[in-house]
Amino acid sequence: MLADLRDTAPLVQCITNVVVSNFTANVLLALGASPAMVDIPGEARQFAPVASGLLVNLGTPTGSQRDAMLEASEAAADAGTPWVLDPVAVGFLSIRTGTAKLLVTRRPTIIRGNASEIIALAGAGEGGRGVDSLDEPAAALEAARLLASLHGSVVAVSGAVDAIVAPGDAVIRVANGTPLLTRVTGGGCALGAVMAAFAALTPDALLAATAATGIYTQAAESAAATAAGPGTFAPLFLDALAAITPDDVVRGLNLSAGA
Amino acid sequence: MLADLRDTAPLVQCITNVVVSNFTANVLLALGASPAMVDIPGEARQFAPVASGLLVNLGTPTGSQRDAMLEASEAAADAGTPWVLDPVAVGFLSIRTGTAKLLVTRRPTIIRGNASEIIALAGAGEGGRGVDSLDEPAAALEAARLLASLHGSVVAVSGAVDAIVAPGDAVIRVANGTPLLTRVTGGGCALGAVMAAFAALTPDALLAATAATGIYTQAAESAAATAAGPGTFAPLFLDALAAITPDDVVRGLNLSAGA
Amino acid sequence: MLADLRDTAPLVQCITNVVVSNFTANVLLALGASPAMVDIPGEARQFAPVASGLLVNLGTPTGSQRDAMLEASEAAADAGTPWVLDPVAVGFLSIRTGTAKLLVTRRPTIIRGNASEIIALAGAGEGGRGVDSLDEPAAALEAARLLASLHGSVVAVSGAVDAIVAPGDAVIRVANGTPLLTRVTGGGCALGAVMAAFAALTPDALLAATAATGIYTQAAESAAATAAGPGTFAPLFLDALAAITPDDVVRGLNLSAGA
């Protein structure tokens, strides 16, 4: 799928937060996809049908962006554009939580979040403090299964081990990665954009989310091996995303499947 | 002109997209100019007359930014502040295209874009997909000439070879650069800000656009020589912008003039 | 205090400008604090009472952000959340200046700015051109004392030597740092966020501002020792913030106290 992505350069529309928009675009470019940060009302609706994939990330949801999210997700659903919902910091914060609960009813292709966010989106918890997760990935599995069966979405729960849950209860776990991804802002958010890029390549959303996670976390491992800290890690990670080969991915993947 | 820029540190007002605002400010600082991201209505109008140059970039044009662009370009024109229009992704996207078509009638000092954007702004095409260009620089030359003669602007078309067209049909081509500039978000957008900085130093807009392009692309070449990928390229490029000397520029410039 | 910060990871709500939001979040993460960029009306008010500290930075103050600043600062004051005001580029620009003059009456825990900004906020000058300071730190000391006594705030004036003024006229000067901090956008803005993180650890705001300044500027010195320019400086600075130890800080601190 990585060769396929580089051949086709899927066009990923990103409606994402201002903190990570630059990093997200650079992650997509490094990997070989094509970012399009089209996030204003009017244009968001117009673009979603021609995009290869769409990311909706709730990190800094201004009124203008919330309008753009609602119209883009609707247009994506109508046009069959796969889309990813990242419910950043939902739970305690009421405005984004309301928006996320509306968006999720539009059956995102993939939902991506940390344990606290997935639990809160499923209505089972208060969420974390800001973007940090206070809940264990294991505790989030039940919430992920609920969301997957209610909305037909694949649900990816990030953590030391990432768990990816499909409707019907298949679970894939990816144990690659590095704690440095949590020391760079956007480490999780940009993965959502990569999932949208892979979802453009296959109708199998479980495969798309797993491929995205495996490639992303292994590039991160490779960068962490030479980084001296979180500052030098970020550019080395982008280099690794550009350099990683399908063979590297197969060789290093630490994956297990279960129920 | 580079020595002049470092002596005078022109103050460049940037109304630009959220994805590249950080990189753009760092490019200006590295080179020796002084960025001022004054982009809210009310202040944008107030600042343009005291700025040395103005950049208007349509990458993520919220309603608030569109108002700021309209008032700043008007105030710049009235005060004689040189300004650069970068019509990012115009063509298919209707809101920014309408804004760009209005802005261009205010006779920007320089218009900077890729081939698809220049063709779309001239009314001759549908534009690219997002920020990518699908048209050849050669095909954009006619559109650039049309814009230059209609609006009295210098028109810079980016590509593997950059073409800079003046009213009256002089064309300068700069063949410096590196594909890595297209693997970092803002590689083109930040060049628009650098053009605004150089336009502050001379009334000859063709000279300003050419100097900006030559210095920018040669710093990029120098960074590419040691970068291991797009991630490490970006900080090395900023270092190169800070380190490049007028002698370096003259020595490395790959320039041709024609009609 | 550095060990304390890393143990407790204070949650710093940042309402800051789009240009530096990524760098600011990465500075907090590198140091060991936890950033939360909650800056929309409705959520800003809701979050301030649960945040450990709050930063209000006026760099790109859209209407939405100005509303968020006003409600968050009120909620922080009511809840006892310490907060930092960074009056970026106030003076000439009328909208942010009006907002800053209203915000300062709510008695920020710490006010942080360059000499021009502090003078303008005190009503004694026209401010600088954009974010640059044209006034000497010494000339700003009187303005800082006025603000400190009027509003009960600690006032930190950045410059080659940083001066930190407490109500009652104690002054601490920190002579650490590097000019490279002025060649990276957000070099000052991110320090405001670090001050908010330290203000969460102690009710002594003079101590908090001094600790933040000392640690921040020494990490910068350490990064400058190996950086080849402003581009490579930024990631090395983040690495240094993650690596610096309490012993390093005590050993390198160039501090003097006076009146």
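Chains: A, B and C, in written order; residue numbering restarts at 1 for each.
As a working rule, contacts are C-beta pairs under 8 Å (C-beta built on N, C-alpha and C of every residue); 3 or more make two chains touch, one makes a residue touch a chain.
Please read these numbers as outputs of a predicted model, since none were measured by experiment.
Engineer: So which chains count as neighbours of both chain B and chain C?
Structural biologist: A chain counts here if it touches both chain B and chain C, which gives A.
Engineer: Determine whether chain A and chain C, two copies of the same sequence, contact each other through the same residue numbers or different ones, counting it as same when over half of the numbers at the interface appear on both sides.
Structural biologist: Shared-number fraction below one half, so different.
Engineer: So, what's the distance in Å between the C-alpha centres of chain C and chain A?
Structural biologist: Chain centroid spacing, chain A to chain C, equals 32 Å.
Engineer: At least two other chains touched by the same residue of chain B: list those residues.
Structural biologist: 18, 22, 234-235
Engineer: Residue numbers of chain A touching chain B in their complex, please.
Structural biologist: Touch list, chain A to chain B: 11, 13, 18, 21-22, 25-26, 29-30, 34-40, 42-43, 46-47, 50, 64, 234-243.
Engineer: Would you mind writing out the residues of chain B in touch with chain A in their complex?
Structural biologist: Checking each residue of chain B against chain A gives 17-20, 22-23, 59-63, 89, 92-96, 129-132, 182-186, 228-232, 234-235.
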